[in-house]
Amino acid sequence: MEFTIAQVAQLLGGEVKGPSDLKVNRLSKIEEGTEGAISFLSNLKYEHFLYTTSASAVIVDRTFEPKKAYSPSLILVDNAYTAFTRLLEVYHNALTFRKTGTEEPVRVGKDVEIGEGIYLGAFAYIGDHSRIGKNVKIYPHVYIGENVVIGDNTILYSGVRIYDNCKIGASCTLHANAVIGADGFGFAPQADGSYKGIPQLGYVVLEDNVSIGANTTIDCATMPEDATIIRNGAKLDNLIQVAHNVEIGRNTVIAAQTGISGSTKIGEQCMIGGQVGIAGHLHVPNKTIITAQSGISKNWEREGLVLRGSPAMENRENLRTEVGVRRLPELEKRVKELEKILKELTLPANS
Amino acid sequence: MEFTIAQVAQLLGGEVKGPSDLKVNRLSKIEEGTEGAISFLSNLKYEHFLYTTSASAVIVDRTFEPKKAYSPSLILVDNAYTAFTRLLEVYHNALTFRKTGTEEPVRVGKDVEIGEGIYLGAFAYIGDHSRIGKNVKIYPHVYIGENVVIGDNTILYSGVRIYDNCKIGASCTLHANAVIGADGFGFAPQADGSYKGIPQLGYVVLEDNVSIGANTTIDCATMPEDATIIRNGAKLDNLIQVAHNVEIGRNTVIAAQTGISGSTKIGEQCMIGGQVGIAGHLHVPNKTIITAQSGISKNWEREGLVLRGSPAMENRENLRTEVGVRRLPELEKRVKELEKILKELTLPANS
Amino acid sequence: MEFTIAQVAQLLGGEVKGPSDLKVNRLSKIEEGTEGAISFLSNLKYEHFLYTTSASAVIVDRTFEPKKAYSPSLILVDNAYTAFTRLLEVYHNALTFRKTGTEEPVRVGKDVEIGEGIYLGAFAYIGDHSRIGKNVKIYPHVYIGENVVIGDNTILYSGVRIYDNCKIGASCTLHANAVIGADGFGFAPQADGSYKGIPQLGYVVLEDNVSIGANTTIDCATMPEDATIIRNGAKLDNLIQVAHNVEIGRNTVIAAQTGISGSTKIGEQCMIGGQVGIAGHLHVPNKTIITAQSGISKNWEREGLVLRGSPAMENRENLRTEVGVRRLPELEKRVKELEKILKELTLPANS
């Protein structure tokens, strides 16, 4: 993707000082800028790089006044940092949605509806009766089962697996090798000590704007027409396990390697750290914060708590006990000392 | 799949009251039943739904006596709940094994034996000299290396990877993106501080009726002709790590994200929670129960123990120490109080 | 692969006693040796197997003197164990690099450079502008994005996913379903409670001799032209999470299911156990040892520390507190006893 400096300035509502018809094709830090790169200068600590950089253009605050000669064109904006961030977004978006068309070979089943503007990478598989929305990007080696729905503008990276009947919303991102809709882990013990699988016949719903990390697994619900549900705007990192019949509330964010056991409902706007474990059949209230490696084994009633430790306590209580544990060897010494004094004290009385 | 109500009744050993030639094609909760659905009524708390549901058929206990008019056909059975569960199983089984035939393109190597009734999904890969049993279901994008054996009625979901020489038993289920037979993690330190890989030349054996969750990894044994072994009926959830030379006993069930280090032998009929870690070269006795997030770092001799905590203790002992830890801040106060009293007590004597 | 006994002896610098033109085609334990197998005898505890084995050849120490009749040819070497290990390496190497050529169908993009001696398995995908070195082994279903570089002699097992712009060094091994370069987990909270993705535009660098386990995920850096970096000789086990902008030093080894949060820098020659969590923006010094399931939540200054527990302490301190925790119920009793004695002691004085 190539733009002229003028085009970039227009996008940012900025003004060019210097040549405006040069082409730029990438973003770069100012200290690493080379010809064709566009960079920015916000923190004046880095001002000296402006006078040496080979970047073709540098975004600066309107108020900035150079003190020496420099070679790049300047793009003057109200806030250079915000403008550059905006540029990153536009660039990322353009990259993400640039691919269209179908690469051969692919396998598309019977009675499949496909919206306009989609990208269907080589070796992608779409099962019968599935419906794919507009501008969906299906990377190579994606597997979509039967009767699946994928909303508009959703991106499925290479190796994503979506089992039959799952519903994926609009503007979702699923990273490579994520697995949506595998069987929940349910087995009934038999008289001979073996286990018999409890049929897992439900599906998974991801609402809109959901993000799923690489190698994360979300199991289907047990009963037919029941769903494991990830609500609008929830963001899940890599290698997370979400068991059957779980529900995760709107705008809840969960860091990598956390596991959520069956039938647990997590509220809205929660922030859950990495490697957290949450037991089954619990309810986690809205706005709960759970620190990394914690273990949630019971229900908490109030919203907005900070939980920590395994088994988790309220943060302040947990920190107190953590300090207590560190001081334990010293506490034992103090008790020993007390015992000694008391023994000496009581000895004469008994003798 | 469509059946008449009469066919369903016959399968369940039940009796139809009402029209029996209507077609049903799905299972549904009674409160959500629509035309073509079959549902059940077991708990009389939900009886009122019978009088409003649009389900085509409802399974009820023989002893049930309706109090109002209703529209569905009834299927009378000894136990409505058990019958519905049986129906779920049959339905699940029919769904699971419904696919047969080969979808193009696939790649099948030289000297491969394939049993009858198999499904070979598009983009599946089978390496040279492998033997695939009857009714095996190989979903799209499965990779099977060379000289692999897959037993009858086993299901490999999309993206399963099976390295060379592994032996998978009959009636196993491997969920999407599970990896069987990758190299064990073994490296020999060299004089210059680098590590040299210790060749991992063994394989993996899954005996019959083993279930492996999505994105779970089971490493091969180190020595040629040696195997990492998962015994008959063991059930492993998602995202589990099983290292080289591990053995997991019959009918042991393991929840998600647990990791088992190299050469550890786990007994039969164990129940291991999620996010458990088990150190290497240990032996876990039969019927051991390990609670979630525990860490097993030593051998335990007795069968049937409940282990908890990291490092794990027997459950009762661990719970006592957990309570102790919670009371630590209070205990410190009590010791402080004792010190104060004792100081006051001893002061006059010393003065 | 088949060799004569004479060829094997030559490779090992050994001498054959008995027929040397027999063919051997596999390695085996002496107790399981059958015709065509080559085995070794090092520990004399197993000497009796020599007199019964059907292996075609057995490697023994030059100093070994048989006490009975035996059937295999002997290969006399200075150290039978070392020689057998060497044989395992050669065998493993030969196995690993035996495949060459392209299996159809594959998809190779525009402007792709491919070195000689590579293996390109069926259904492999290489994006535009990527450069693949010599002797690279790309197994079936591998996805390589655009503008990726893969160094010589690197092996990508089935289902590996490499996002655009990543650089993989020479002699690296990436196991099945590893994901390199997915988006880092970065979201900016919005006024309405939702989160907006922070564009992740960087890439991942694996230097030479890096090993990545099955289903491990390594996220790309946030800024364009920035990288998450795994240095030369680092070895990562299965199911590990490495977040954006992390750097892992030379020859550091990390066991399965460990997670490293964003922007953390890990030194050289560290040994990190399984299921460890390391918080973001930290620096872990060279030669740090972290025991399994630990949680690192702050910076440690000194090199070579052993860290343990969550939150981690120095090993000795942690072990002291672990012992203290186990003795807590007893300590509480002792304090109670002290309180009782003191109460009795002070009562008369107050009465």
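By letter and in written order, the chains are A, B and C; residue numbering begins at 1 in each of them.
Just so it is clear, contacts are C-beta pairs under 8 Å (C-beta built on N, C-alpha and C of every residue); 3 or more make two chains touch, one makes a residue touch a chain.
A quick note: this is a predicted structure, and the numbers were derived from the prediction, not measured.
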item: Turn needed to bring chain B onto chain C - CA fit, degrees, nearest 5; value: 120
item: Same-residue or different-residue interface between chain A and chain B, half as cut-off; value: different
item: Centre distance in Å when chain A and chain B are each reduced to the mean of their C-alpha atoms; value: 26
item: For chain B, residues that touch 2 or more chains besides their own; value: 105, 123, 141, 159, 177, 215, 239, 257, 275, 310, 325, 328, 331, 335, 338, 342, 345
item: In the complex with chain A, residue positions of chain C that touch it; value: 105, 107, 123, 125, 141, 143, 159, 161, 163-164, 177, 179, 182-183, 185, 187, 193-195, 197, 199-201, 215, 217, 219, 223-226, 239, 241, 243, 257, 259, 261, 275, 277, 279, 295, 297, 310-311, 313, 317, 320-321, 324-325, 327-328, 331, 334-335, 338, 341-342, 345
item: Chain B contact footprint on chain C (complex, rising order); value: 26-29, 32, 88-89, 91-93, 95, 103-105, 121-123, 139-141, 157-159, 173, 175-177, 209, 211, 213-215, 233, 235, 237-239, 250-251, 253, 255-257, 268-269, 274-275, 292-293, 310, 322, 325-326, 328-329, 331-332, 335, 338-339, 342, 345-346
